[in-house]
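What follows is a set of structures for review.
Shared between the two complexes below is chain A, which pairs with chain B and chain C, respectively.
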Partner chain A sequence: MRDLQERLGYLVLAATAVAYFAVYTTSLGRPPGSFDYLAILNTTMPLVLVAVGQSLVVITGGIDLSVGGVVSVCVAVTAATGGTPGWILAVLALGAAAGLVNGVIVAFGRIAPILTTLATLSIYTGAALWILPVPGGSILPGVRAVLSNPGVPTGLAWLALVVAGWWVLRRTRFGMRVYAVGSDETAARAVGVPVERVKAGVYALSGLCSALAGVFYVSTTTAGDANAGAPFILTSIASVVVGGVAFSGGRGSAMGAVAGAVALTLVIDVLFFAGIDPLYQSLFQGLFLVVAVLLGTAAALLARRRTA
Partner chain B sequence: MTVEATGIHRAFGGVQALRDASFAARPGEIHALAGENGAGKSTLIKVLCGVLRADAGSVAVRGRVATAFQELSLLPDLTVAENLLLAAPPRGRLGLVRRGHLTAEASRVLALYGVSEIDPRSPARDLSVSQRQVVELVRVLATEPDVVFLDEPTAALAEREVDWLAGHMRRLRDAGACVVFTSHRWREIERLADRVTVFRNGTHVATRERLTEDEAVTLMTGRTLDATYPDVSGIEAGEKALTVTGLTSGHLRDVSFDLRRGEILGVGGLAGQGQRDLFLTLFGARRPVAGRLLVGQAERSFRRPADAVRAGIAYVPEDRKAEGLLLPLSIRDNIALTTLARRSRAGFIRRRAEKAEISGVAAKLAIGAGRATSQAAGTLSGGNQQKTVMARWLLADADVYLLYDVTRGVDAATKHDIYHLIAGLARSGKAVLFHSSETEEIAHLCHRVLVLREGRIAAELAGPVGDAEQIVAASIRESADA
Partner chain C sequence: MNLPRLGMLFMLVLATACGTAAEPPADAPAGRLKIALSNSFIGNQWRVEMENVFKAACAMPPYAAAVECSVFNAGNDVSTQSRQISNLISQGVDGIVINAASTSGLNGVVQQACDRGIVVVSFDNTVDHPCGITVNTDQVKFGQLLAQFVVDQIGGEGNVVMVTGVAGTGADNDRNKGAKEVFAANPGVKVVAEYSGMWDSATAQRVTAAQLPSLPEVDGVWVSGGTDGVIKAFADAKRDMPVFGGEAENGFRKYMAGTLTPQVTGMSIGQPPYLSVVALELARAVITKEREKGNLTIPFPVVTGSALTPGETVFPDLPDSFFADFTDSGPDAILVLCQEAATDGTPCPGKTLDVKLGTP
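Now for the complex of A and B:
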């Protein structure tokens, strides 16, 4: 019944989607339209991306707290340079490099992931503040139209691209090795998996995902803020948990985490339409997280008792 | 020579696992590597196949190498298919892995090696220990290596699977491969090996084409063991410690017997005839469907193992890692675990009392050859880990000891120690229920033997039986005397 835990993300997403639909319809007197769906998609996109990177790291048995710092730096650079395509490519390279630094320290320096990424989180956040001391900056309208157009469903295309990307990754040798490392590092090494390179790789990918998230963030908000990344630390981990990725590593799917990310964003909308003071948003988000995880654990326990 | 190593040194922290060790094996032979637990066999194999680096010395291995490690290297969360094909998965265009073909390809490989009862889709963690071992072996065999190292490949296997493996080892040898394996079962070494190398204390002692078991034991231990089995015939049986009536649970069907203080009662029979269910049920780890259990005079029904422990029952399993040993904790903490309450006051543990008491037991059992009890249990060799688990239950001072295959994967000298320990338990008035996958042990060590077949008691033999053949015969024959 491990399946159930792995599908937790989709179940929670379905439940929150129903709640969203109900609350929206009762409070506005009409069902949500395509504009609402696109708005949700565009606002979720950064979290979806960070959650994909985070789940890759968690599947290898690690954790990446520096996602907050990488998103912040990339938001700062994108906004400060005006978001031209050339600079966006540079930002993506920057994110991957920042992630690779984590990976090299964790894999070859053998420092615990939580320590490493806590330290680099603080470094990257500091760099972001240095680049963009006050919120502001801009992004090319042409780039916006492609990334997060509120009128045309480009968001859907990007989401499809994320799913396809995961599908491909799962079918590469690297993808198989990611699960092998998280499942049992010593055994993986014994059967010839280059554990250090795989670890360095997932942190670099996580950095790349955070960079993409930063670019999408500037695109949806049309400006930058050097503290933009901070919330992503908690929300990306929450997405991974709700998405049914095991923290012990080796189990789960980034797609579960994507579902978890969308659900988490929906919850905020549900709270909004239910008329709950935004002050209490984090309180309710936390409650939601606890309840979702408890339900998943209870379901797994029940299933185990039935088979035993 | 396909495999040649000379002057190998390798240390783990303060433990010198290999000292000036040498080893050579040639193509077209099955070469057994024998030695006590902790002699350095596994370390040598890891150095030879390149997983561990030697601190000094030279290694030369020619050809494609494949290794089945003692601690197995299956990835628990990956499916059997993924585990088998991790190194070379079926790929389609663009070089992407064809996940849909993984299962089919794995089934084909399993079938090729005559394995049919393992589902390639199930995650490795859901397999039994012997199934995991079989998958690990298929993974190794399927690479069709020139040099193959098998580290205690049969420890978890049943007789039929051992035959299966033996067939494949011979086939590889006949095809010109160099097959190196380790085993604690002399019968297997005798049957399979063309040459035997003996290791002791991390170094090469001898390589021979012919070697008797007694010679081997002397070479492995550096001493001659007195008559292998202690004499248990003089021990007086006391009052009933355990009375079982009509027990039905798992594979067990309507089993009745009693066990007296001072008695060692053997449970024999072919593998999988309900022996495990009997032990687990008596220890409260499995709820019986029917039956009564008296401990002493009192009727008991256990909901969980803790109930059994409270009633004075101790259970020592064969799989020490899965069932009770915490490898990162110190030897002392591992031994102390079940008896903490006795040595604590108001919730605080009296460390000094603990240290004294535990060092005493550890010394008595010669755990880790006098190594400090503050070291992690994980650094001990298998036999010493088993002794640690035994020490824990000795301290617990239980009335009834359920010993399930406690000598599995344990070297000759440690086995010898354990036999004397068991006889000592009986002599001090404890009741012992004893099962072993080595029928010899049951034949020599027990006052009485129950032979299980299809979950029922098929025969009861008065002991010491002395001759294992008698127990084997009773396991196979249709009710001999009923």
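Now for the complex of A and C:
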């Protein structure tokens, strides 16, 4: 049953994908085409990236609310500078640095993650407004063609890179330490894991993921908005929850969060084609989340009863 | 051992999903245009009225027979709105009418809609991609007109208070800019206080009540939103009533008409909720090639003095927070709608809707 909780994300994704296919086909009389798959891929990429970062932090037992601010800052800088490759590298460094600040405060300052990242969230959001006070800016067409080409699924290659990156990361010493810190911090410290450095590293990685998300956001929308990041705070946490990552830390995987992120996007489409009254759309989105969480909790309870 | 349980779970979710899908939207009769409204945020009175008049217009002739409408809300989330517009493209709609979550965030998907020959009209919070058409009012002029009215009424001499809106938004910026230009051009006018009422009557009332004790005699008040709240604060403090230039809150107009006392001299201008209906008509006209593609700036519905008509420019049985400018009035009215269109989204009985876009 523990397996079930870990695989919750894939199950929910499979269910929403089947539902999407069914609802789309009944509504339009034909299955989804390449335009639909490509649009889903390109609009989901930013959330997928933020969710990967968020899941790493949650696996160590923390939470990162500042992802919204980091995405906003990175969107603002990318759009304001026109998204040249040099500036994109600078943006990635900026995101990692912003995340590192969180990590240092949480790990060495010993301030609760929720407080730290709530504070830095407003700082980063404010900085984004200062850089890009009015929505606008641009991105090089060449960069767009490589990142989120509206005609060719280049996003798939980037998604594959994310999956490969995670696959490598969890097999490194750092990856194992992330789980060790999340499972039992005291025990990890006792066996010589540098807990502070692992935590700082995890928040920096989350910042880097948010920066990548910001670049992808500008690439799909072709412009920037200093308020772009705000919705990612809740949706990234929701993706992690649906993806079966335990908030107590130590369990779950970034791939579950990726599945959760795609599932959350597909729910919007399912509601759309099911013809749900727009006034009740957010109600159904919330219900979906509650059901997913309850399934996860039920699985965890069953697992506990079985081992007891 | 997990398989049967997993299978059941899977079937359950699938069954739920198919259950909701059992009633696909009815196919439109041939020849009806498909036009969808994609709105972002739906949490305030203005947006609710805007959506209600859109639904009412779609149910009234000539639209009831010519257009098949649908309405979608995305919240203030660009990716949700972007997904919904992608799905509208897949549905093969003829036109999309947008009140955007971000002026720039939908550019990518709007471009894709244009590439497929879909007419995109945005209003209120518009989309800045050049392939789309916009319908809006002139917010700088909003500030100027109200400020000029206040200056004229007080004879170009006296103390003025400015109650502004939500900082960081384009409309607030533009309105304040217009007002300050006029006040600066009149050296006899002194702006004694400037504070934000957040476009909300309750907030405007609270902040004004807090400011009043420290203010000298006030001759004129310029309000970007929440006008009825500001008047209530002046009345509660037993101050002499200054001249008011404000938004189109029904409460403000009740004071102007004298339904609420004390009677107030004022000018009321609004961002009309019927922008959604004007956008619908523009989309229809462009799709049917009756009109060239081109942006449209519509005049404000303006009401001055005490000559208000109940049921047309002021609504005694509607709440103070209601925006009274859901319908235009006068001989040059762009369109005329009834009360139930704005409150319930139901068609006005026995009426044909005539939207005058003017010459391009």
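Heads up, the rule we're going with is that the second predicted complex is superposed on the first by the 291 of 308 C-alpha atoms of A that agree within 3 Å, B and C clash if a C-alpha of one lies under 4 Å from a C-alpha of the other, contacts with A are read in each partner's own complex, and residues count from 1 in each chain.
Here is the rule we use: contacts are C-beta pairs under 8 Å (C-beta built on N, C-alpha and C of every residue); 3 or more make two chains touch, one makes a residue touch a chain.
Quick caveat, the model's predicted, so the values are computed rather than measured.
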| item | value |
| --- | --- |
| Room on chain A for both chain B and chain C (clash or fit) | fit |
| First (chain B), second (chain C), both or neither touched by A:251 | first |
| Touching partner for A:173 - first (chain B), second (chain C), both, neither | first |
| Superposed model, chain A: greater residue contact from chain B or chain C | C |
| Partner chain in contact with A:192 - chain B first, chain C second, else both or neither | first |
| Partner chain(s) touched by A:84 [first = chain B, second = chain C, both, neither] | neither |
| Contacts of A:231 with chain B and chain C, given as first, second, both or neither | second |
| Touching partner for A:149 - first (chain B), second (chain C), both, neither | neither |
| Once both complexes are placed on the shared chain, angle at chain A toward chain B and chain C, C-alpha, multiple of 10 degrees | 130 |
| Closest Cα approach, chain C to chain B, once both complexes are overlaid on chain A (Å) | 18 |
| Set intersection of chain A contacts, chain C complex versus chain B complex | none |
| Complex interface listing, chain A residues touching chain C | 1, 3-4, 11-12, 14-16, 18-19, 22-24, 26-28, 32-33, 35-36, 39-40, 42-44, 46-47, 79, 129, 133-137, 150, 220-225, 227-228, 230-231, 235, 265, 268-270, 272-276, 278-279, 281-282, 295 |
| Chain B partner contacts - residues on chain A that touch it in the complex | 2, 168, 170-173, 175-177, 179-180, 182-184, 186-193, 249-251 |
| Touching residues on chain B, where the partner in the complex is chain A | 51, 67, 69, 72-78, 82, 86-87, 89, 95-99, 123, 139 |
| Chain C - residues contacting chain A, complex | 2, 5-6, 9-10, 13-14, 16-18, 20-21, 23-25, 39, 42, 71-73, 75-80, 82-84, 86-87, 89-91, 102-109, 111-112, 128, 168, 170 |
